[in-house]
Structure formats: C-alpha cells, structure tokens
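Attaching a single structure in structure tokens format; questions to follow.
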Amino acid sequence: MASKKLLLVDLDCGVDDAQALMSALAAPGIEILGITCCHGNTTLDNVTCWPRHILYCSTATLDNAFLQIPVYKGASAPLLGYGHSIHASNYHGKDGLGDVPDLSAPGLENVQKEHAVLAMLRLVSLVATGPLTNLALAVNMEPSFPQKLKSLFIMGGNMESRGNVTACGEFNFTCDPEAAYIVLNAYGCPTYIATWEFTFKNYLSWAFHDKWINQETRKAEFMRKICAHAAEFTEKCSDTEEDWTKGFVSCDSYAMAAAVDESCVTGAINCAVSVELAGTLTRGMMVLDITGKLEKKNKAFVITKFDMEKFERFMMAALK
Amino acid sequence: MASKKLLLVDLDCGVDDAQALMSALAAPGIEILGITCCHGNTTLDNVTCWPRHILYCSTATLDNAFLQIPVYKGASAPLLGYGHSIHASNYHGKDGLGDVPDLSAPGLENVQKEHAVLAMLRLVSLVATGPLTNLALAVNMEPSFPQKLKSLFIMGGNMESRGNVTACGEFNFTCDPEAAYIVLNAYGCPTYIATWEFTFKNYLSWAFHDKWINQETRKAEFMRKICAHAAEFTEKCSDTEEDWTKGFVSCDSYAMAAAVDESCVTGAINCAVSVELAGTLTRGMMVLDITGKLEKKNKAFVITKFDMEKFERFMMAALK
Amino acid sequence: MASKKLLLVDLDCGVDDAQALMSALAAPGIEILGITCCHGNTTLDNVTCWPRHILYCSTATLDNAFLQIPVYKGASAPLLGYGHSIHASNYHGKDGLGDVPDLSAPGLENVQKEHAVLAMLRLVSLVATGPLTNLALAVNMEPSFPQKLKSLFIMGGNMESRGNVTACGEFNFTCDPEAAYIVLNAYGCPTYIATWEFTFKNYLSWAFHDKWINQETRKAEFMRKICAHAAEFTEKCSDTEEDWTKGFVSCDSYAMAAAVDESCVTGAINCAVSVELAGTLTRGMMVLDITGKLEKKNKAFVITKFDMEKFERFMMAALK
Amino acid sequence: MASKKLLLVDLDCGVDDAQALMSALAAPGIEILGITCCHGNTTLDNVTCWPRHILYCSTATLDNAFLQIPVYKGASAPLLGYGHSIHASNYHGKDGLGDVPDLSAPGLENVQKEHAVLAMLRLVSLVATGPLTNLALAVNMEPSFPQKLKSLFIMGGNMESRGNVTACGEFNFTCDPEAAYIVLNAYGCPTYIATWEFTFKNYLSWAFHDKWINQETRKAEFMRKICAHAAEFTEKCSDTEEDWTKGFVSCDSYAMAAAVDESCVTGAINCAVSVELAGTLTRGMMVLDITGKLEKKNKAFVITKFDMEKFERFMMAALK
C-alpha cells in the first residue's frame, strides 16, 4: 500500500480557501496533518473558527477522522503591522465565508494551544493559501526549517504586473510584502507558485461551476451557501481588460491541486523570484528574474500551464 | 494635394533608431521637421553626429533635401545625473552604430546651435525612440507644450514586468526613470507606447530580415554594415524563456511606423500608465493601471497588436 | 574703486524672500543682475509679480535704477509635477506677501520674455531662496553651467533631520526633492547652505524685530504690512520642542547675507551632502555625509555659525 | 524589604554589551531573569557563548547564583535575512569580545533549549542592546506581549541623522530596520531610547576610563583584555566632526543604567518615533516626529540628558 502524502495547510478562510481545503480532503492518498491559520481574507479569529466547521461539513458519514485534524492559530497581523486593506470582506463576506445567516462558525474552544508557527516547525509539507506571515515567522524562528520541507505550494503574487488590490499587487503578497519577500528568499525547498494572473487566465467555465455546485450533496449545499456572497460581488464587478469575471476562478484551489498531485502542473517558469518592498506603485509585486540579473541561487516554479481536466476532477470530487 | 504629416524625431542612435529613421524618410506623405538628440544608446556627442550621416546615406540622388533637416543637440545625461548602465555599447557598438571601420560620423559642425529642448518647444508632432530626458525638460520648461502636440509616439517601457536591463526595467525608461515618469504624467496629448514586450513578441522573421538587408542598394549596404555588430551580439546571447532572439526585433521602428501611419496599430490597451521611481527591484518599470486604481486622468494607448504586413512594407521601403 | 559683486537672485516670494531681497538691495557693493522666479511659497504667477513691487518700494528716491533689474519667470511646478503641499499660503498669505488689502502686485507686463532658466545660464553668481527647480533645469539644459558660477548660496534643507513640512523635510527641498538632489550633486562650485535648523537656532530677538520694523521709513511701512499675516500665524503656532517661535526667523535672509558678505559665515561643516528621494518618512531630507561614507567628490559648506552682529546690521539696513 | 527589579537582557555581545551586563550584575536591587541572544556585533553562536563566561567573571566569590541565570539563543539573522554589514568585528573582534588569546568562550552546552523569543514572552521587563530582531519576533508571535511589559530600554537609533554604519544609520537599527520599525510601532509600553548621538555626546573622560579599568580586581582584568582590541581600533579611527573618539563611549551601558535606575535619565524628548525602511540614503534611520505630523499614538522617551555622576558610579561598580 502506497504511503499517504502528508500535508500541512496554512490558510486565511476565505471562500476559495474553503474550496481548496474541501478538494484536498476529498483527494485520495492525502493526509492533512494540520491546519494553521493566518490573518488575511478576514480577521485571525474568524479564520481560525472556520476550519473545524469545514471539516465537519466534509465528513458525510459519522466517521470523525477529519475532526481529529488539529487547527492552530497563527499571526494576527502582517509583520510590519499594517497591510494593504487588511481584509477582503467585500468579496468573502464579513465572517470570511459569505455571511450565511444559518451557518455560524464554532468558537475557538477546540483550537490547539500551540502557536501555528511552532506547530509548523514540527511538520513537513506545506500549502499556503493566505498571506505568508506564518511561514516568514517560522523561518525567522528557525532558519533550518525550509531544509526539512519536501515542497512548498503557494497561491499568491503575480507574474505580469497585474494586481488585484493595487495596480501591480496581488492580495496575499500585498497584504504582507515583507513576509512574501522572506519566504521567496529563505525557502530553498522546491517551491510552486500559482499567481493571480495564472489563476484568472485558467478559469473554469461557468457551466462547470453550475454542475459542480448543484450536486445533490451536503457538501454542495454548504458550498452554495458560502459562495452566494462572492458570486453577487463578482456580478457587480466590471473589471475591464483582464476579464477575470468571464469564468469561475477558485484561486487557492490551484495551489492545493498542485500539492495533492504535482502532475497537474504541466508548465512552469523556473526562475528566481522576489518581492518589491520599496516601490511606491509596485510594493508587494512579485518580480520574476527570468534572465538571471539578480544572481540569486533560489529558484521557484512559477506555474504557467495546468492539466485542466485533472483540475476539474479534483474540484468536482470536493463536493461529491 | 494632401498636406504632409509633420514629424519631429527625438532619438539616441542606435542601430534601431537608424532603422526607424530611414523607414520614416522613405515613407510617403511625411516631412521630418527636425531631429533632436538625447544621450542613451551612446554618448550625446556620438548620438548627435550620426543623423546627418544617415540622412546622407538615405538620399539616393543628388537631391539634398534631406540634408536640410536640422539636427539639435539635447540632454547629455538623465535628469538625476545617473542611469542604469549609461550606454548600450555591447549591442550598438562604441560609436552607437556598429563600430564600422570605414564609416565615420561627421563632426558636430553642422549641428544647430539651438538646444534640442528649445527646438522641440517650437514644433508639433513627436516620436521618441530614446530616453525621455529631452521631452521631460521640454514640459518642465513649458508646461503647456503637450497641449500643442497632436500626438506622441514612444518606444520604451514594458507592460508585463519583463525588463531588458534590469529584471523589470526596459532600457529607455530605466535610463532616466524620472523623465519617463514626467512624460507619462504630464503629456496629455494622445500617446502611443510600443513597449519592450510588445516589440519582442512581434518580431519579424529572419527570412524577412535577410531579404530586407540584402537588397542591392546603397542604403541596404549601409544597413548591413551598421547591423553586423548587433547581430553578432544577438547570436552570442542566450536569454532563455523570452526568446527575443528568435526573430528580428527593430524596437524603435514600431513607434516610428505608428507615427507615420496610425493604422498600423490594430490593438491597444487604453489605460493610465506611470513609472515606478522608488522601487529597489522595479525602479524604472512602467506600470499599467488597467482597473483604474491610481485614479489618473491621463490615459495612453499601450500597443498590443500591429498590422505586420504594413510594418514589413514600411521597413522594406527604408532600404529601397 | 572696487568692482561690485554681481548677484542673481532666484526666489519664490514669500515674506522672507522679500526681506532677503530688500537687504541685498540695501547692501553696498552689490549689483543684482536679475531676479528669477520659481513656484514655491505661492504660485509662479504670484511669485513673478512681486519683485518689481519690492524693487519699487526699495527705492526711496526717484532714482529708478532698481526698476531696471530684469525679472524672469521660471518653473511653475516641481520636476515631477507634484510637491509636498504646493504652497505655504497659511504662512505667507494667498498672494505670497501677506494678503495686504491696499497693496497689490503689478501684473506680468514688465516681466522678461526669456525663460528664467535660460537667463540664469548667462549669469554668474547665484542665491536661491526657493525650491531649486530652476537651478536643476539649468544644469540639466547645460551641464557645464556650475563651472561658470563663482559661488552658490542656498536656503533650504536640514542638518539634523528636523523638518518643517514633514517630520524630516524642510519646505524648499521637500517641495522639489529631485531638484534639490540634482543641484547638490551636480553643482561643483563653492556652495553654502543655510538649513532650517541653522536658521531657527540663530533667530534674532523680538526686540530687534520691533526696532527693525518700526523704523519710520517707507520700506519699514511696507515690511510691517507684508509681515502681519505671518506674525499672526506664528503666534497661533505651538510647535513644541523646536521652539522656532521664540525669536524672529527670516530664513532666506541668512543665505542672502552670506552671498553679500561671506564673512558672515563663521562656522560650517564641509562635507558631501545629498537628498533622500526614495524614503517614505524622509523623502526630501538633506543628508550630511560627515564621515565620507557616500564617497562623493562634491562637498558643500553647511553653515553652523554666523556673525550675528553683521547679520543684524545687514537686516537693519534693509529698511532704512 | 524592597522587592528586586526584574530584568531580561537581550544582547549581541559586544564589548559594550559586556560592560553593560557587568554593570547591571553589580547594581543593587536588580535580578536578571535571563539573557536572550541576538545576532549583531558577531554571529549568533558567538553571541550566545559569551554571557555565561561574563557571568562567571562577574562572580568574585564561589557564589554561583549568577551562573543560574538562563541564557537563550534567539534570531540568527535580521527579519529580511540581510543587514547593513552583518557584523562589527573590526571593532568588537572576530569573536565579539576582543579576540583575547587566553580567553575562550565556553560552548553552547549550557544554553537553554527554549527559543529566546519564547522565553521573552514569559518575562516582564526588557533591556535591548543589540538589533531588535528578537523583540520584533516576540510581538509578531504574540501581539499582546508589549502590554505585559513594565518598560523597555533600547540602545539604538539616532536622533539627528548622524549614523555610524551608514551616513544616517546607527548599527543596531540599520542591522535590522524592519525589526526596529516593528518594535517602535508595536511596543506601547513606556520606552526609553539611548541613541547613538546621545551616547557619543555624553562620553566619559579617558581619565575615568583609566581609573575604571585599572582597578585591581579580576573583573577589571577581564575588562582590560576584552577592551584592548576596540581601543586599538578607536585610536586608528579619525572620524572628523563627530569626534566620538574624544571620550570613552560605552553605548549599551546607558540603556542598562536607565533600566537599573530610571532617575539616571534627566532629560528626554517625548515624541512619536519611527524608522525609515524605504530610503536609499536613510534606510534604518530613526525618525523623531517632534511636531506630531505622523499622527501616531505611541510615544517614546528619546533620552537627551543623563545624570553623569550616577552613571559613573554605575559603571565603576561593575569592575569592583
């Protein structure tokens, strides 16, 4: 029997964090070792309350194995104490998961006492779908940590200077640019990055979305509820050229799919990457050093192509 | 009889500046009112010596009309006094036009006494193929100048954060970022920008290049000579991913072709643009504000598509 | 007979500009060659209208020699097109000279047609009491200009990181940091700088001020009028620690006095200086490189001590 | 019986760290709860080895109480992974304490297993004499930590833009500007800062130094040895204007003396402070917001005057 792939998930719930997590829970051969929580789409307390509810919704049977997955509270603010626009409640709702009246996150009672960063230091494989504050603190506390990691999967940053919160900056990176800088420079392990441009160019069709969300399962019902708010926001939205609204974009799910099955990644630029910290217009922008001008050793895989069929199956399974 | 289109050319010769200028000289319905010179690919003195030689090479007959086009000396250094790598002699040769032993630029004797910036202020339509120092000084001296311009065509900047002199910075903009910033912010006239990414993605085939350069004319002979050095450099070059060497890229000629015939431009993003001045990794990078986050009034046309057939005809005529 | 000292005055009227100019007009052995105007304390048009009125008020007799001094219009905005807080009308009044109902600046009719920057390039000695935009443009237009200057006297910048418009930035420098940077780096001539900290630490007593302003002369009457607004502002002001309100501080007059008689300067730090352009908190701050870490050739004299008796005589004469 | 003052010392040994620590150990009414170590003057491993040796040298009797003071290993590098000039071995010696041949730091055997940052979070009063990396990590891990602190004493930063490692930057702050920024912004407890300018202007006389170091005690003998290297460096040094070599400057001891006895502080500016992160010339510079322009709530006491008699007694006792 093949050994399971062990995964730590660092997230900032978030509708797409929920989508990504549910997909991973449904994937075969994966064991989620823990869930570490980071400020981001909503406050740290909100973020920390949701995972156990998602785990609960994802267990169709009375099998409570999922409920044993420990949840850890991490950083409540960016390293420098301020971010672009602390939260993204216009999209994700004030509670981070669509402000659904008849859903309510459980309290913080069952959350682990250990700090997310310290828990992270004991573990071995990592997907990060929120700001990278916890990961930055982990390497600052323990510089040898990245050497222990088998691989790191990140949703964040951008590759063609198209931002979603500033002209050039993507949410997760702009939320804590120093943390992103630290992680991209200090994590020497194999690193895969699903950028904002990559995700919105590789959208799923609305037809897929409708089929996906209209499955007659408890999980699909849950998803329908938490997605309603974001869908409404997207409809009103009229971002021109980029047209990221012409399909269904579940940003975090790309990083998660790659973590679960690396063969999803069918194309990537392998180059050094960094983050602009000082810029007036570009603070938080991810920089690709394609021609080696920065003379950095660390390289990352900036994902450019994805096996969309595999990805659709990965997503579809989440709500079955 | 239709009136001629009047054009002022600001350049920093430069092999591709020469290509662009010769194409414009060969184009019907165009009158070049003057040539203003800017530091850039080579020193200002070098830049200023070449135009009259190019004009001379471009007149097949004894008709000396071209030799009446006045040449003006402009700014010898970027506004702040330092640029990225002052010149680009590795590509353009030490003298700016391929270091051809049996060619030598005439002296500065016949250059106008008036400063390029002051000449510019008297004129009406503008193509800029070098750093934008002269244009910045012009608007700093005379804030109402841009209102008099019918249109402005620029080769420079980038649109997807791919640089050629720094990780994110294109040569002309990075050479004098403050000048580029001033021009993009203060020039309210219709402005068309051919960026580095646009030009290298819309390369001409090497087959075209060979046919173009092997015409049996005096102009083609001149071009063969001045291109040899750059061709050698390109061959040695192994820039990966971008692969800007897989075709013939005459950067400045795109801006010139658009100036001569706007219908060459078949696609463009119309958005506010600016330049990062403060960044550590991104200083000099052009920023596109596609979704209006910067709340700027001025918009430019960032060229995305070109009528390549027209462009080939425009180029081919240059050496006939 | 000793030859006169020839001086060009670049100013941004301003109450203390007026004070400085009137003092220089009253000083023996000085010939003012011209007055160039720069945006700053008020709009360029306002600035440009006042000098002829001041010249008129400074001629007690029917001798109109002062009225022959040419006035030139210069830059209307900082190089990058925006400054800290464009003007300082809270202190200097909306018209730049105290909003005195029965005074009104003459129009722009008698202003020279030549641009201030071009006029500057023909001249030989320079005092600058406003933002340095004109001086920056002059050296950008003509890099050899500073070599022709005998000496340069500047009011502006700071030497101990105490600002008056931002936490660390003085008005003239913060108004156009790039211009200040260019001037401090490109002007190789002997340069004397009267910083904000220097001026407010070397205030004149209010007793002197009262004696000075209550002389029974037409000039004193003019001064009383234009100073009233600023005095009112100062009284309301409660800047703590610095306590720049405990005496009479005529900032620009220190630079002018030094220009008229260098022996006023009895102490100075001779070191390389520069200006921070990129800082978030310190943009526009003057940096002293006392221990040579920047390895710059150019050094300036940052004034630390002044012959206050000479200075009082210089000021007192202005209104006689 | 009065209760003892409880103190945690965060240091980066360092000759003056040793001086400060020995003075505190000799002071009555003080209990040192622990020593946390930070990269800085030398590598983290070097820094971490020395405290136990200093403790050993400071116990004249067989009383081993000092040897019970726990020593914790903290951050080995600045938050962003790079600092100005990682270490200051030219002054402090390669091993951080003067490279004395017959002294050698014990190994790391007796160092606590707990991370310095986690130890810090359990404790209550703090003196920091090195880069502020540990303190920044502490508040990033636990935002409520500063509320628990009674007071914080820092040696670092500057107050008049005079730097010692860059033109405007002091060593401890420039070594990790982000950490300094985080601490100055996030620590709401009463905070006292002994800046570089404050310390070098309040030097002790060389006569005092000679008397101090020539006491016939084991501690003085130890001090003579570890100071020799730094004294040699200072003699060679010829920093002009500042003249910080005209007296004996034990930087860290001022912060320690203030921590031990707050009445040493006889003058201070109480204002908001911050750190420039983005500047090209001023990165790492401490900014004093004397006139409230930054509109920050947190204020610190920037020390300006000291009871030098008390300070001499404090220092003298260290080697008795």
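Note that the chains are named A, B, C and D in the order they appear, and that numbering of residues resets to 1 at the start of each chain.
In this text, a contact is a pair of C-beta atoms (placed from the backbone, for glycine too) under 8 Å apart; a residue touches a chain by one contact, two chains touch by 3 or more.
Keep in mind it's a predicted model, so treat the numbers as computed, not measured.
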item	value
Any chain in contact with chain C as well as chain D	none
Greatest separation from chain D - chain, by CA centre	B
Interface sides of chain A and chain B: same vs different residues, half threshold	same
Mean-CA-position distance for chain D and chain A (Å)	41
Separation of chain B from chain D, taking each centre as the mean of its C-alpha atoms, in whole Å	56
Distance between chain centroids, defined by C-alpha means - chain A, chain B (Å)	43
Sites on chain A at which at least two other chains make contact	277-278
Inter-chain touch pairs (all)	A-B, A-D, B-C, C-D
Residues of chain C that touch chain B when the two form their complex	75-77, 79-81, 115, 117-118, 133, 136-137, 140-143, 178, 181-182, 185-186, 277-278
Of all residues in chain A, those that touch chain B in their complex	159-163, 166-168, 239-242, 269, 271, 274-283, 285, 287-291, 293-294
